[in-house]
Amino acid sequence: MSRVLAKFTGAVVALSTAMWSFAPLHADENPIRIGVMAKFAQINGAAILNGAKMAAEEINAAGGIDGRKIELMTYDDQGSASDATLAFQRAVREDGVKAMVGTFLSEIAITLTPWAARLKVPYIVTGAGADQVGQLVHDHYPDYKYVFRTILPASSTAKGVCDSVHDLAGGQLGYKRVALMTEDAAWTKSYDAFLQKCLPENGLEIVKTIKVATDTSDFTPIFQQIEASKAQAIVTGVGIIGNKPVVQWANQQVPMLLMGYNAQAGASAFWKETSGATQGVSTFTAASTDSPLTPKTIPFATKYQEKYGTTPAAHSFATYDALYLLKDAIERAKSTDGGAIADAMEKSDYVGASGHIVFQGPKDPLTHDMKFGKDFVTGVAVQWQDGKQVTVWPTDIAKNKVTLPKFVPSPKK
Amino acid sequence: MLAELIVSGVIISAIYALATTGFTLLYGVSGILNLAHGTTLATAGIVAWYVAGRSDLGLVAALAAGIAAGVAAGLLTFWLVIRPLQRNFELSESDEHVFMLVATLLWTIILQEGLASIFGDVSVSLPQMIPGVVDILGVRTPASSVFVAIIAWLVIGLLWFYVSKTKSGQILLAASINPRGLVLCGINLGRVHLLVWALYGALAGFAGVLVAMILGVSPSSGLDLTATAFSIVVLGGLGSVGGTLIAANLIGFIETATAYTLGPSLRSLPALIILVIVLYFRPQGLFGRR
Amino acid sequence: MTVPRSDRSDTGPWPYIVAAIVVCLLAAVPFLGVNAYLLSILTLGLFFAVFAMCWDLLFGYAGEPNFGATFLIGTGAYTAALLSSNGLASPAVCIVAGAIAAVVAGVLLALPALRLRGPYFGLVTLVATLILRQVIILFSDYTGGEIGIAVPDIITISSTLNFYIALGAAVLTALVLRLLVNSPFGLVLEAIGQDPLNARVLGFEITKYKVSAFCVSAFFSGLAGALMVFYLGTASTNVFVDASVGVQVIIAAIVGGRRTIVGPAIGGVFLIAAAQYLHPLGSLSEMGVAVVALVILLFLPGGLLGATRLFRKAR
Amino acid sequence: MLLEVTDLLKRFGGLKAVDGVSFAVDRGEILGLIGPNGSGKSTVMNLIMGVLKPDSGSILLDSREIGGRSPNRIAGHGVSMVFQHSRPLHQQTVLQNLYLALLPNRLFNFRLSPDIDSRAHDALKLVGLEHFAGRKPSELPFAGLRRLELAKSLVRKPSLLLLDEPFAGLSASEMEEFSDLIRQLRSDERAIILVDHNVKGVRALVDRIVAMSSGQKIADDLPDHVLASPRVREVYLGRGDEAVFRRPHSPAPDAPSALKVEHVSVRYGEAIALDDVSLSVPRGEVTAVVGLNGAGKTSLFNAICGIVPASGTVEYEGRTPRARRAYEIARSGVVLCPETRELFTDMTVQENLGIGGNALAAAEKRRQTEFVESLFPRLAERRKQFARTLSGGEQQQLAIARALMMKPSILLIDEPTLGLAPIIFDAISNVIETLRESGELSLFLAEQNLTFALRHADLIHVMEHGKIKWSGPAGEFDAGSALIA
């Protein structure tokens, strides 16, 4: 017993001396370290990492940030909030990173938000979409001014979904009745509320609203209930559930389109994961690879595809833009001090690959989220057509019309 | 609604039944609750998916690869986890029980992370065996699901045939009833255990492929599958194959009925609560003997 | 059958002296010039140590394999977070309320323990966690569902102070639990765990002992859970109400050396620190920790603490 | 009367383990409760202690009904029980184990009173363990554990002390010491009930004996009277009225042996089950080892068949295999038909036989099945029945039949007649004789029933306390009563 504890103390002492030898990096030293955090084994995490790498390589090739190179540091949060807080602290205190980007799980983003404030390091969320992040910044401004987000929050997504569904289902296909199927998760609260108001206002009656547990494995009862409601299309709101609803929708040949928002369907590997069952599924997403939202969109998408052999996901766009925003902000602030970067970031007015990025101010409800709508970030709707994501909305940049899978009957006009 | 409930209840129950048969067989013969069961299913499903996407042989190759992956996972579990633990004589019986559970859980993490790093942590689905839908009792049902349900019961039937009609099957059955008696009959229990793990792996592999086809699997879905299998097996009574089949149908139907009546987001809750209540009043499960 | 020996009878005052020295050394860590990151690892590790010690009281002494440690931890954490986020109470009150709510959960969990044994009990505890998780997701209007609850105020942002809070919780837990298991109460508890029938024949009414053990375990689990909420700033299901976190707690206890209280504490810190120091493995670090834990489980059933005893015996 | 038991009944499924038993004990008395295995004596003890709940009948302690109460409450009324298998707390010291017995059933009890400490020390002194106070129970010799358990009961100052097989596993000298210890416990304040199957051991110790058989009381009298009772002798020795039949034949001393056991010992932890046993089984003959329950017969058979680890050597047909495992020994033709039968209860008769013949080729298996079924026509009739639905006698036949399916060269049958109705004896006797006449195998029986053993055996070994007490041809065997009186 005594020896055990003695050993344990020994280990602690050894550990602490080891720590001591890791002196924190000096602020002025080259290069600038930027952290990327996510669960990299997940496809979303890989998308984040790839976007960050591409941006960093481009920036470094073009001379860096004010002559200083970017050094990317990666932190795997293992999908756990407690791991993430440790990793964040390691990044800042140990490795001296000047800013952190990443995170696709809302619970982690919300946990890290106060930590960014405590550590006074800018943190750009590039994957998680819960409105709460922006609300937290709003409620705790200016303490939480370090937190930004370059991916659309749930409420903006809801707006995009409402607009795109209105144009596609109501306009192109002439549907009158839709069902709303969303996962039983916190982020869908505001999403549902918004759509329940917005869709009827746009002439689409919601004949069935269904909440789905995130661990649902069998969707048969759900589809059958929706079918019984005589809906003509299903407006989805799924982010966590994964490919099950899509695969079972195709297997059961549910005779109505799946549209709305489906996080997984926005990723390019989705065709392979579902063994092609995603044919005909459409989703709202940040940007697509085949239509020029901005002049930067297609060059980025093409280069990304060449480099990684897969199309960029919304997270890749967000992370890619986040790094350029950081570069821009640091150059304007002429400092790598967290507070200075954050203040500069707040004033960003930048055209990125996913749109014209301007952040909402302290007075706006979702502080430091991107402004959404015409002239800002708009998002697109894509549909899976024969193994490819094809942009079908907004109508002015669409590459094709919405097509119907074999088992979905054409609407009687 | 009744027709829908029956059709989808039957299909989901068939999959549950097949997915838990191996688990209960393994417990019956070797007394081990393999909490890595769900991940073994997932391993088979993911490997089959990988092969299906890369091979011209399509589903046949995928099924073969899935079963092979299941057997490999089963045997590795036996060799790397179970045997070392069984050879540790320092442990008391109740300690060994808990150690076995914890060790298989650790093995779950290892398998899961291994899968995630090789194939990525994504949810995957196999292409359908038969495309198209059929009409049953007025319910449009994927032909594949019907086929899978039939195959599931067919495999269970084959297993029954194997156990009751073949020599090695009889030895397995005898081992689950009285391993001491088997030793007296000159049979090497070590080989019986190897056989049961291999058979377990094959069953889990087959079930994993079917689950991946109908429901989809991901590396991290293993624990959920284990929880379902564990619940079914304990509800039916540990070691009772008949009890397991009945409990699989019970849970399958309760879940489906809940989804139809109370709403899909409550799907698993009543089944869990019923499980707890049953165990409270019948600690040995519905058909358990102890 | 040989059973790993406990340190209780044959070492005299030494364990206490050593323990006091270790606590003093730990308390001095912030003054050793280490950086805040090490402190944060130790902070989380010490919270985990509390969870593992509480589990050990139930398994190592009362003989109940609780696979639902997070049922207790989560109840404490969510109670505190809910009270705080709704502005109903100050952090201190929230923490106490969390611990008390966890005791109620402990009584709930003790009920099946009175009837079920072994894997059956294990399953019920596991299911309890799943049910709690479902309920939290179901009532996401109040609980934040899978995203969790952010608490408005945290106790302190000073990593040193947070470290001392965690250290205090761990030392308090260790002290109370050690005193408890060394007392007549602990003796009876262990008798019940090993052979409930024999204990009853000796005249002990096992229900009240078991329920009390669950209450004590739940109290400290809930306390640490609530404290951890105010350290992290959020309560979320993946951290506090998760079957796999419950498994991590068990792993920590077994890796450290069950049935010693001190061992699981070491295991808790070890597990958290190992995960951090294996981070160069990237996404494989979790696997690395699992492999290390499995090897210890298979070949050193006495855990780290037991291993040092073997070593001592060998000399 | 301190304890009055009236019409006690306990069923296990369809079996009446205790069937209308009544008896009484008063303070100052030591009562012996005897009976062969399965007679229900331990069940009676468990019913009194509350470990089991009676189906009907009453148990009055000081005129207060205690039947069906929980053990802790019955313990609170002053009943204490020493279990046959001692289960101390292994991680605590001997002294702490005693504290446990002294602690009140009070939750908030965090300090040990000095009173408890001194009483614990006194009790240890009484049972002679004072020098072991600081040791772990695992360091105690086997008899020491028994003493520890006794001390744990004693410190509770019980008015009724129940001792379940206190002498099992003890050597003769330890038994003597332990008897003395129990004798010291006799007091006017206390009654003692002592369960044993070893009649000889309790005779000098007890005031009165209640004998049980098949769940019923068959005698309740002074020890000598009970031992003289024809009913009791029948239960212990087989049918006493039948003239003992002996085989005239005696094997030549230099006959080749099928099995040769040399210096074999078996220990279970600290308990010695088999103590340096040497014997031989001549080829082609019937050999029997006789002795009471607990004498070591089963351990001997298990040692021969590799089921328990043993020291010493066993030679099979002149070969001494090295470290062979149980299934290899069985496969080589040395086949055990154990007392517990170990049938595959949820399989049919035919399937059970099939497993027995698993190593045989199909044709041979058929032939052997036919042979076995001709020996046991009952089994042929019940081919499709599950083994668990068979009667006890049929199960015994099935166990022997299954063993024969392995075509043994040496067949060991442990207690072939245990718990069977005499009518089944004849069926089994016939089979044994048929097998002897076939000359194909050597038979080795373990029997409590002397009559049965003497009817078949050419050579007899008598065992007691794990040792061979006597060996010789059946013709020279004498004084069957040595076993019981």
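Note that the chains are named A, B, C and D in the order they appear, and that numbering of residues resets to 1 at the start of each chain.
The rule is short, and it goes like this: a contact is a pair of C-beta atoms (placed from the backbone, for glycine too) under 8 Å apart; a residue touches a chain by one contact, two chains touch by 3 or more.
Computed from a predicted structure; not experimentally measured.
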item	value
Subunit C reached from subunit B - shortest hop count over touching chains	1
Chains contacting each of subunit A and subunit C, listed by label	B
Leader among chain pairs (count of C-beta contacts)	A-C
Whole-Å separation of chain centres (CA-atom averages), subunit B against subunit D	42
Inter-centroid spacing, subunit D versus subunit A (mean Cα positions, whole Å)	73
Rounded Å distance between subunit C and subunit D, as computed from the means of their C-alpha atoms	46
Subunit A-subunit B separation of Cα centroids, rounded to whole Å	36
Residue list for subunit C, restricted to those that touch at least two other chains	1-4, 134, 138, 283, 286
Junction residues of subunit B - those touching two or more other chains	113, 116-117, 265-266, 268
Contacts with two or more other chains, residues of subunit D listed in rising order	none
Arrangement of touching chains [line / ring / star / complete / other]	other
Set of all touching chain pairs, with the criterion as stated earlier	A-B, A-C, B-C, B-D, C-D
Touching residues on subunit A, where the partner in the complex is subunit B	39, 41-43, 46, 184, 210-213, 215-222, 224-225, 242-244, 247-248, 251-253, 264, 269, 272-277, 407
Footprint of subunit C on subunit B - complex, ascending	33, 81, 84-85, 88-92, 94-95, 97-99, 101-103, 105-107, 109-110, 113-114, 116-117, 223, 227, 230-231, 234, 238, 265-266, 268-269, 272-273, 275-276, 279-280, 283-285
Touching residues (chain side subunit C, partner subunit A) in the complex	7, 11, 14-15, 17-19, 21-22, 25-26, 29, 32-38, 40-41, 44, 134, 137-138, 140-141, 144-148, 150, 154, 157, 159, 228, 232-234, 236-239, 262, 266, 272-273, 275-276, 279, 282-283, 285-286, 304-305, 308-309, 311-312
Residues of subunit B defined as touching subunit A within the complex	4-5, 8, 11-12, 49, 52-53, 113, 116-117, 120-128, 132-133, 139-142, 144-145, 214-216, 218, 224, 255-256, 259-260, 263-268
Contact set on subunit D toward subunit C in their complex	49-51, 70-72, 75-76, 80-81, 83, 87, 89-93, 96, 99-101, 103, 105, 107-112, 134, 136, 138, 152, 156, 269
